[in-house]
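Dropping the structures in below, format is structure tokens.
Paired with subunit B in one complex and with subunit C in the other, subunit A is shared by the two complexes that follow.
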Partner chain A sequence: MTAAISIRDAKLRFGHTQALDSVTLDVAPRDCFGLVGESGSGKTTLMRVILGLERLQSGSIRLFDAPLKSGSAGIAQRTRLVQAIFQDPAASLSPRRRIGQLLDEVGEVLGEARDSIRARQAALFQRLGLPPGTVDKYPYQISGGQARRVAVARALLMNPRILIADEPTAGLDVSVQGDLLNLLQELRADRDLTLVVVSHNLAVVRLIADAAAVMHRGRIVEQGPAAQVFDGPAADYTKRLLASWPRLRWHALGSNLE
Partner chain B sequence: MSGAAISHLSVDFATKGGIHHAVRDISLAAGPGRILGLVGESGSGKSTVALALMGLLAGNAEVTSGALQLGSESYDLARAQATAALRGIRMAMIFQDPFASLNPVFSIRAHLTEVLSRRSPELDGEARNRAAMEALAAVGIDRPEIRLAQYPHELSGGMRQRVAIAMALLVRPDLLIADEPTTALDATVEAQVMQQICGLRDRIGCSILLITHSLGLVAQYCDDIAVMYAGELVEQGSVAAVAAKPGHPYARALLACEVTIDAPRGADARASRFRIIPGDLPDPLHLPSGCIFRTRCDMAIADCARIVPPPVTVNGEPGHVARCIRVNEK
Partner chain C sequence: MDVYLPILRDIWRSPTGRIGLVLVILILLFAILGPVFSVAPNKIAVQDRFQGPSLQHLLGTDNLGRDLFSRTAQGTRAALAISLIVVALSLLIGAIIGVAAGMAGGWIDRGVIVLFDIISAYPAVILAMGLIALYGVGFTNLLLVVTLLFIPQFGRMARAQTLSLRHQPFIDAERVLGLPMAKLVWRHFLPNVLGPLIVLASMNVPVVITIEAGLSFIGLGVQPPQASLGSLIRDGYVFLNQSWWPTIGSAITLALATLGSTLFGEALRDAADPKLRGRHK
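Here is the complex of A and B:
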């Protein structure tokens, strides 16, 4: 089976920091791949490499087994394969433009007629549970959960085969977080999406990821099926990471007292 | 020291659409040496409470009522600059994003000694330097003499948050407010930062108001919990009591949404679905009559639209109250 993302011996150094150190991984198509690790571990750099926002100093990356072109042809090739929603939706949506204008831009990138892109946008809004009137609003006028949905809509308008979600749940309360995660789950079933979730929320990644990798200081210290990585970790670092996750649960606390 | 108590706090915001009553009649108490976890959805008013206490609200906000009791003194929060004289002396705050809350053009030494110049003006330069170094060491920063000369951008996120805690340590406040102090940090660093915050409490015996989205964090580190919904306080009590029997339907629904690290996991991750609370927060300019949660509540009855629920003691547990008329029905 052709991997959706295949990275071999990737290396990237910024000054004194080895941001990526011999990273090798495969993401199977239609899988949800979880990438966890502490801040500065290289998660975001790896995501940027997949998006083509950083160039490897050595090693290789292939998306759906296609050799990636260089220069602007490579950018055009990638934007149709892979899209991302970024951590801070408010910062990733321009504050000076209405939501509708931001989404019209996708049509300009694709060279798609205005009517066609707006029809797809309206259908997506319905699918994502965004009120139609959202297009007339500015980013500051919508909630954090809605801003993330707008970011998802913008990414999906490009019809990508891979969607990367960088800390999709950061700053959301548990109910809004659950709503967004359920949406991602449905989308990957409906649209044959390959999902990469970059997060430090171990409990969430454990439940939605098929496979996962744990990064530490630019290296992948452990990877495999999510059930194995989270419930039977082999690497000391993974064990340490999991041990520091708050474990005292409400219902456990309750049942202890009853 | 007798802790901190907030009574009848209400905050309005003037917006283009009208007056937004963002926080309505909130009363909270954080005992000395105790950590009170304040939870609730984004937009429920948690941060507005914190900023009202610190006197840091935006210009379009107005505290219409409220008092802060700190030890034996009471401060009228509706008065301008009510707590200005307490900031950096009896109250301190740790913010979510330490990169934004530390000043990029000042060294770590300058941050720490500035706190001391306000809190302990009697100290000379050398004594301040020594105290700054001790504070960094106390929050687990190694080689503090080197760190003092560094700037915020040279430190990791976890280290920056420790500097913010060290600043609070030097203030020795009666009330420390921590607004999502670990949101930007990963699990291992979060645990270290929370341990430092607990250490600070133990060292100076202050009351801590911890604002967070993480129910796991509250369960693990807090003594008491308060739950806000759409600008109102719906439940308060000890963590043990609320965990054993959450009285308010919103609190119960919120706790049920928590994703735990050992939740049952099916063989196929594709089938994982997450619990949510159906519906949306009410429009702040058109709040429902009666109970604020009734439009999303699966237990709502006709009376819920007529009666504004008073705080009711849950299960006969002292200090555990919920604002629901059906709280003790079953």
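Here is the complex of A and C:
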């Protein structure tokens, strides 16, 4: 079976920091893949590499078996394959444009008629629980939770085959976290999406991921089915990471998931 | 237009912004309409020297009997014209150099920064005096020298904006969306680079007005018989023991012009920041 994302021996160095060190990773299509690790472990860098925002110094990356170009051509090539929800969704919306103008850009990129893109956008807004009037607002006029939903809507309007969510629950209260995770799971099933959840929150990943990888200092120290990684970890680092996570929070979040 | 109306509304809602806006409009009207309603500013009538204000001479007359209302209006017009031209030119040149340096990086960037540092290392008025002494007095030289002094400020800000914007999450998000580079620069780069530059420009208008007045005061700025606020103050100062009218009109006009444009610039700075917008309800 062709992997949705296939990374081989990826290396990337920023100054004295080895951000990615011989990363090899496979994500199966339609899986929910969890990428966990502490802050600074290289999770976000790996996501930026997949999106084409960072250039690998060595190694290769393929999406659905297509070799990818680097630079601007690589980004254009990826845009219909992979989209992302960034860590700070409010900051990922251009501050001087209305939400509606930002979403219309998707139509421009896809070459889709304005009526058609707006109809799809209205349907998505309803699904995501966003008031229709949101399109007339500026990013600074909406809440953090709404900004995240707008970011989800924009990413999904592109009809990507892979959606990467960087810390999708950061800064949201527990009940909203549950809602958002449920929603991402539903959308994944409806649209045959491959979902990659990048998070330092082990509870989130354990609850929704089919497979997971643990990153530490730019390396993947462990990867496999989520149940195996979380319930029978082989690597010492994974054991320490799991031991450091307070038990209570698994349940607090779990009670909000269906 | 929907971007600019809320900015004007916010300036009007701020108490100091309202004073600034009114003063700027009054000074503009004075500079534009003043000469229309007055006699020739350079007409000498020695028999009428050192008159106080009257219906015929609203601000009195100077040592040569010239009408001070006309001369002050002419000086205000010169001050505004010079400051607007200087600020627009230095903004344009500074923005081009700054954005180019920020995008290029490497040795081009470092070279531009060293050049800016050299210009900024000298006190503005001292450098202006030196350059004008070298190249001679005159309107064009005055414009060029003062423009040169202000380019580094705009260049530095344009460069800093470009560098910080390149790594903003919303620029990354637009790139991932696949927006073509030209649209990315036009829609998402330029409005965010230009905003702070326009605010800096409005804050620099009063500074240029005072530099022009200062240079004219010491005889290196606008040349007689053309009036300038600086030269009017100096002429009045020489004859202060005979009449204080020649000084007072131009001095108050200079004070109001700088105060008005400073208050307006500060209100514009606050209003142009989308995060602070709507603060004055």
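The criterion applied here is as follows: the second predicted complex is superposed on the first by the 242 of 258 C-alpha atoms of A that agree within 3 Å, B and C clash if a C-alpha of one lies under 4 Å from a C-alpha of the other, contacts with A are read in each partner's own complex, and residues count from 1 in each chain.
Going forward, a residue touches a chain if its C-beta (ideal position, glycine included) is under 8 Å from a C-beta of that chain, and two chains touch if they have at least 3 such contacts.
As the structure is a prediction and not an experimental result, all values here were calculated from the model.
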{"item": "Fit-or-clash call for subunit B and subunit C when the two complexes are aligned on subunit A", "value": "fit"}
{"item": "Subunit B versus subunit C as contact partner of A:A3, first or second or both or neither", "value": "neither"}
{"item": "Partner chain in contact with A:A122 - subunit B first, subunit C second, else both or neither", "value": "neither"}
{"item": "Which of subunit B and subunit C A:L56 touches, first, second, both or neither", "value": "neither"}
{"item": "From subunit A, separation angle of subunit B and subunit C (C-alpha centres, steps of 10 degrees)", "value": "70"}
{"item": "Partner chain in contact with A:Y140 - subunit B first, subunit C second, else both or neither", "value": "second"}
{"item": "Partner chain(s) touched by A:W245 [first = subunit B, second = subunit C, both, neither]", "value": "first"}
{"item": "Subunit B versus subunit C as contact partner of A:R154, first or second or both or neither", "value": "second"}
{"item": "First (subunit B), second (subunit C), both or neither touched by A:A235", "value": "neither"}
{"item": "First (subunit B), second (subunit C), both or neither touched by A:S92", "value": "second"}
{"item": "Three-chain overlay, closest Cα atoms of subunit B and subunit C, distance in Å", "value": "6"}
{"item": "Contact footprint of subunit A on subunit C as seen in their complex", "value": "3, 168-170, 172-179, 181, 183, 187-188, 191-192, 195, 274-275, 277"}
{"item": "Touching residues on subunit A, where the partner in the complex is subunit B", "value": "32, 37-41, 143-145, 170-179, 181-182, 185, 188-189, 200-204, 206-210, 226-227, 230-231, 240-242, 244-251, 253-254, 257-258"}
{"item": "In the complex, subunit B residues that touch subunit A", "value": "40-43, 156-158, 180, 183-191, 213-217, 219-221, 239-240, 243-245, 253-255, 257-263, 265, 267, 269-270, 272-277"}
{"item": "Subunit A to subunit C touching residues, read off their complex", "value": "48, 51-53, 72, 75-76, 78-80, 83-84, 86-88, 91-97, 105-106, 108-109, 138, 140, 151, 154, 158"}
